[in-house]
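The following pair of complexes shares a single chain, chain A, combined with chain B in the former and chain C in the latter.
Coming up: the complex of A and B.
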């Protein structure tokens, strides 16, 4: 279970962006969180991915309460959640070639030896051709870069996926392709998904259940 | 009618602007070439002249003291008859060595401190930056004099003094850059991918600040050379027999009052021209990194 209990979070304690949010994702379940722009859903996604420390509330990951966030979270907890961000341009280190971008989590966790094979496999999964792997972020399109970012998120076999407006910058066919990749991964591993977005049609088709922002957090 | 006037007023504006931009670009290119050529000549001179020209810069010839520039001595001779051209080249060698080593050391210290403060954040950041503020509040030449005064005169105390007083601005620049990079989603992605603090800093943050740190290092070379000269001029830097631009200018003071201009002018030019050339190169580099900021000499 990925549970968010009474989470209040933001960037200024006096004016929290998210108030008293409650959300539970069961293993293997796909939950869509639907909210308008600027409501705080990205902040909640960052909290769920252990990247932002909430001001109050609790996150319980597979039965274990989360004690620390970002670097203070144990590496096993952090890497149990794969994250895909809205803007691939900002989510990719501009200096890394796509192959290095995808291999980065493998190298950071001491899986250097198996990295090359895994990168080739992941690239095939997300539909990146070998010639694209040698390019840098500015030399590929948003869609291609987002494919690489998804491959990076899947590199460590996460049990949970958090997709923060993953397809907002993409065209319909790339959106369909990436959703298919996520669904195939979930079908083969039983991973849970929290997909945050503003596109009701997409989330309804993609997820087992879609919850509106008003039902999750206090206004 | 009005629209005709408007069109006439608007149309020529674009070519004029473009011509101006072109002229500015070619001035930049010229300055870059001149600077690069001067730096190249300087570096070649200090590297090649001492091993190739078998002349003793310390050779005293009291019969030929304070001779004005001539074919035998293009820059003239000093008050004990030593050839000033040779002394200037040797002096530039020492000053450049001090400048480069001190600038590199200061940049390494500044980058390490700034990156640590920016990457750790929170209390560590506040503590380190208040320390930087405190040190910045003391005039750095004064602090440098204090450090030099603790050692015997020589090259290394000057290097240490300049390095230890000049890392502050680099630390500030690097910290600011690291803070701005730290909040980017790609750092979030690295954290989520299991990167340690160290790995995030070394692999994602530091490579992003290296252009700025490198620019700060190059801009610091002329600054450090001027400091070496200032310390030596005050009699606190290098011993007088060691030729450096500072000691040459210092020992020429007496003869300047007697009307002998050459022992002051040539070392002065040797100080000013290469430092302007290095600053010109750094300016071109800065324009490449950030075209919006106008280049300026940081002295």
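Coming up: the complex of A and C.
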């Protein structure tokens, strides 16, 4: 289970952007969180991905309360969650070739030796051709870069995926392709998904259930 | 980008759609004379009597941008100067683009421009960051309208907006079309295109592969080019199935039909570049050429606006 319990979070303690949010994702379940832009759902997604420390409340990951966030999160909790953001250009180091971008989590966790094979397999999974792996972010399209970011998120076989507006910048075909990659991964691993977005039609089609922001957080 | 031919008439909206990296934005930049110095253009883009692709920078800056082509930008917040109010943006543009002289007259003209996009006058003294996404979009549209340009060019005007804001933005753009502007909207948002467009041009690998009436494209008989059909079918409200594979590199296009490696209708004939006929550039369109081939039959050899 991925549980968010009474989470309050933001960037200024006097004016939190998320108040008293409660949400549970069961293993293997795909939950869509639907809200307008600016409502705080991206902040909640960062909390769920252990990238942002809440001001109050608790995250419980597979029964274990989370004690640290960002680099203070214990490795086995951090690596249990893969995350993809809306803007691949903000989420990718512009100096890295796509192959190195995908390999980042492997290197960071000491799997350098097996990285090359794993990168080739991941690239194939997300539909990136080998010639693209030698390019840097400015040499590929938004869609290609987002494919690389999704490959990076899957590199450590996460049990949970958090997708924050993963397809908001993408055309219909690339959107359908990336959603299919996520769903194929979940079908083969049983991973759970929290997909945050503003497109009701997309989330309804993609997820087992879609919950509106008002039902999750206090206004 | 090559061989792109289409026209847009006053009171009409043409939506140009395609995958990211297909060359849509290159086309927009070419029309505004904003391509990098090493870009090469061929062909013609006629706006009234002027050819946009060969006009010098002086002509473009003095008589085209804002005056004959109004640009509605992709992210209005990035397009507006953060330290200046919306009123100051509008008054400067009025001074730059119109013959209006004198402070009071400029002020009145700026307020009138704001009024045209229903930008609330009591927000005119705010800075861009103090506006919601919708109001920033209206401010940017108001700026695009100041010079009363006959052609509006909207480059991905709805990217990242919530659906109801998308609807409002395109409905507002449509109003300006109905007021007599010609609108070329470049977008990857098919739902927005369906809402606003009279005609649709689909771009693949730098070419226009289908140009047709919007009602026929989104309704029956549907798209005729296999790529357009695939793109539409990818929508979550349709079959949600991606077009297999990736678009080719614009720099190294295959001979013949660029879509062939991804196309389930491809045959040996597709090794030859399909000519644009009636509404489509394809050797084996999904549906036969209708007897009453409408509008797009007037595809000219150059671009008119």
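Here is the rule we use: the second predicted complex is superposed on the first by the 219 of 219 C-alpha atoms of A that agree within 3 Å, B and C clash if a C-alpha of one lies under 4 Å from a C-alpha of the other, contacts with A are read in each partner's own complex, and residues count from 1 in each chain.
Criterion: contacts are C-beta pairs under 8 Å (C-beta built on N, C-alpha and C of every residue); 3 or more make two chains touch, one makes a residue touch a chain.
Just so you know, these numbers come straight off a predicted model, no measurement behind them.
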Next on the checklist: I'd like to know which partner A:36 touches here: chain B for first, chain C for second, both or neither.
Outcome noted: second
Checklist entry - Which partner does A:120 contact after superposing on A: first (chain B), second (chain C), both, neither? => result neither
Item to check | Partner chain(s) touched by A:83 [first = chain B, second = chain C, both, neither] | outcome: first
Next on the checklist: I'd like to know which partner A:60 touches here: chain B for first, chain C for second, both or neither.
Outcome noted: neither
Checklist entry - Of the two partner chains, chain B (first) and chain C (second), which one does A:168 touch, if any: first, second, both, or neither? => result second
Next on the checklist: Per the contact definition in the header, classify A:109: touching chain B only (first), chain C only (second), both, or neither.
Outcome noted: first
Checklist entry - A:75 contacts which: chain B (first), chain C (second), both, neither? => result first
Checklist entry - Where on chain A does chain C make contact in their complex? => result 36-38, 86, 127-129, 141-144, 168-177, 179-180, 198-202, 204-206
Checklist entry - Which positions of chain A touch chain B when the two form their complex? => result 46, 49-51, 70-71, 75, 78-79, 81-83, 85, 87, 90-93, 95, 104-105, 108-109, 149, 152-153, 155-156
Checklist entry - How about chain C: which of its residues touch chain A in the complex? => result 18-21, 133, 159-163, 188, 190, 230-232, 234-237, 240-243, 245-246
Checklist entry - Which of the residues in chain B end up touching chain A in this complex? => result 184-186, 188-197, 199-200, 203-204, 207-208
